[in-house]
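In the two assemblies presented below, subunit A is common to both, partnered first by subunit B and then by subunit C.
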Partner chain A sequence: MPNMTLQEALTWIAEVFEEPAGRIVRDTKRSEIPGWDSLGTLSLIAALDERFDIQLAEDAIEGLRGVADLLDVLRERGALAEA
Partner chain B sequence: MSRHSIEGLRIAGVSTCVPARIENNLADDLGFDPDEVRKVVQMAGVRERRVVEPGTTAADLCFEAAEALLRELGWERDSVTGLVFVTQSPDYFLPSTACMLHQWLGLSDDCAAFDMGLGCSGYPYGLYLAATMLKAGGHRRVLMLHGETPSRFVAPDDQATRLLFSDAGSATALELAPDAPAAHFCLHTDGSGHAGLIIRGGAFRDRTPADPRDLWLRMDGAGVFNFTIKRVPPLIRDALEQAGCGVDDVDAYLFHQSNRFIMKHLMKKAGLSEAKVPMTIEDHGNCGGPSVVVTLTRCLGAERGAAQRLMMLGYGVGLSWGAAVVELPPSARLLHRDYSAAFPRQGAPEAGA
Partner chain C sequence: MSAPLPPAFDQQWIVVTGASSGLGRAIAVELARQGARVALVGRDEERLRATAALLHGAEHRIVVLDLARHEDIVPAMTTLRAEVGPLHGLCHAAGIVETRPLSSNSVEVVRSQLDVNLIAGLELARAVCRRDVIAAEGGSLLFISSVYGRVGMPGQIGYCATKGAIVAAVRAMALELARRGIRANCLSPGLVYTEMTRRSLGKLSAEHVQKIEAAHPLGIGEPEDVARAAAFLLSGAARWITGADLPVDGGFTAQ
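Let's turn to the complex of A and B:
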């Protein structure tokens, strides 16, 4: 499984939600990302699966409150190299 | 583990029938925000949908498909001893709509006719049931009809479903053929997801729901998406293993046309060549389980020089999913038509044209 730096992870998240790279930081909330709507959620599910072979349960997906939670998931699954 | 290989059946013909009326997703009069529509259309891949006129049902579409097929094949009506109508949009709760179709088609009393209530997984399940009826049930010829009118159970103002779902009917004629190659089936259920795609009201759990929206389909998009990603790649792998063949040995993978984005994801995940995954979602939408067979008739050539090994994949409401690997002989007739109410129905017609 590829192991990203924090900056690579933030860039990847920005791509998933079709946001400019600099807009996404660790503290960005889900509500602050226009692309993280119902369709964005589908893109996220597919991207996690395709890039990292990560499948999340529905309640885990719904429970993601922002970038920090997503980074935690990546870290727990060994996809993120640093805290 | 639910895997079965069944010998002795041959597909004699497949016929599909879709409504003539077309709804274009980018039309102005649907009442949705144009930018939102463009996003949904981009992801789902549905440009146009086929939608029944008021009063037309899945039974009407399937009747026309079946009548066209029986005439093409020249089958005597009393040679058909099995009639299965696979649907989640029946004309009635009671009787089985298959009984009405039995009358319309002029089949004999020596016929077992019944409905089977499955949707997205309906085609592989329907083939499986027909195969068992032929192999072990004493039948020689079975008609398996599979039709849906999702346009009639999605809320007109629900963008996620209105822009996706379309209508279709089909008939598949199967006959006993001792020399035919085996067909292979993998069939699964996860009932814990039964509420992910559901019409809560109108049936016997809640005949007159307090919330009128309970008469429409409720879909948990993310949950169904998640299910598809998790369950379909192993299904493809298991079906190949059951059929004893490799991924390149299948000539065409006929997917339930759920959503273009998810189909492309599944193709990549399962290592399928794009050339072997025909799609009809762009101009036929997601017509539920019958989308598998619409893709078959629309994309496989009417003239085929050799037998084709096909994998049919149905996945969704239930949650139910299944695969069938079958050989389509070059002699099998493939028909497709727009609904025109062209054929007379035997007996008193209660519905339809």
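Let's turn to the complex of A and C:
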């Protein structure tokens, strides 16, 4: 499993939601990401599984409020280096 | 009062793919119950043996085969023919489903579904319909499509494409093979709880799953509901049906 830096993780999240690199930061809220709708959630589930072998259900993703929560998931699962 | 019906299959050999679980397993069991001998095709020998144990002693063969390796399909069917004699039918129930919205789709993901859901089915048809493989009097081919070959579903772009494609291919196959007494049909199930659908639905929220369930007026199906319809289409009782796509979906596509 890759152990990303924070910057690499933010770039990866931007790619998943088709946002320009650099627009996604730690404090970006879910509501500020147009691509993070119900289909974006499915894309995120697929991307987490494919890239990091992390299996999360739709309900678990629904509980994430923004990028900070998603970074926590990546950190807890060992995909993101400790800050 | 009419006499009891004879068994639908008189010891005829039917090839069933995806026989290690789900719909394929249920179809194999139903075919055996109705008097067929079945060749169980799948990748996992142990799970195929588990299916064989459900056949109540019916004669069977286990064919361990990775359907994504298309080059292995004709040799496997030719070998089977040499071992058991002429084949009478094929049911292609093996399938792969990947939930991917367009933005996260990829060539590899689409291709993996095409490889098994469509291309392997066509290659199996070619292998089974060889004049030196199929019974001289003809036979019956059945492909398990899906309601998603008829209607769309967000996140299922690749899967819908493969299931619609097999329905279209089967219409042409039916016309081409009719002169040889070979029928070709599709069966399109709605939501049936199997290992594969549970895995796929497990990624969705409870609310999302409830919406899908509510879209089936007769409720969610059981594998046996599909198996009985499959056995009918494969049997001589359906002798005047070819090129059809039978929805077995609790009314999902009637809306």
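Criterion: the second predicted complex is superposed on the first by the 83 of 83 C-alpha atoms of A that agree within 3 Å, B and C clash if a C-alpha of one lies under 4 Å from a C-alpha of the other, contacts with A are read in each partner's own complex, and residues count from 1 in each chain.
Throughout what follows, a contact is a pair of C-beta atoms (placed from the backbone, for glycine too) under 8 Å apart; a residue touches a chain by one contact, two chains touch by 3 or more.
Model, not experiment: these values are computed from the prediction.
J.: Touching A:E58, do we find subunit B (first), subunit C (second), both, or neither?
T.: Both subunit B and subunit C are touched by A:E58.
J.: Per the contact definition in the header, classify A:E18: touching subunit B only (first), subunit C only (second), both, or neither.
T.: second
J.: Going by the contact rule set out at the top, does A:I45 touch subunit B (first), subunit C (second), both, or neither?
T.: both
J.: Considering each complex separately, which residues of subunit A are in contact with subunit B in the first and with subunit C in the second?
T.: Of subunit A, residues 38-39, 42-43, 45-46, 55, 57-58, 62 contact subunit B in one complex and subunit C in the other.
J.: Using the touch definition up top, name the residues of subunit B that touch subunit A in the complex.
T.: Residue list for subunit B touching subunit A: 39-40, 43, 160, 220-223, 225-226, 229-230, 261-262, 265, 268-269.
J.: Which residues, counting only subunit A, touch subunit C once they are in their complex?
T.: Subunit A reaches subunit C through residues 16, 18, 35, 38-40, 42-43, 45-47, 55, 57-59, 62.
J.: Going by the contact rule at the top, pick out the subunit C residues touching subunit A in the complex.
T.: Of all residues in subunit C, those touching subunit A are 98-101, 103-104, 154-155, 202-206, 208.
J.: Which part of subunit A faces subunit B closely enough to touch in the complex?
T.: 38-39, 41-43, 45-46, 49-50, 55-58, 61-62
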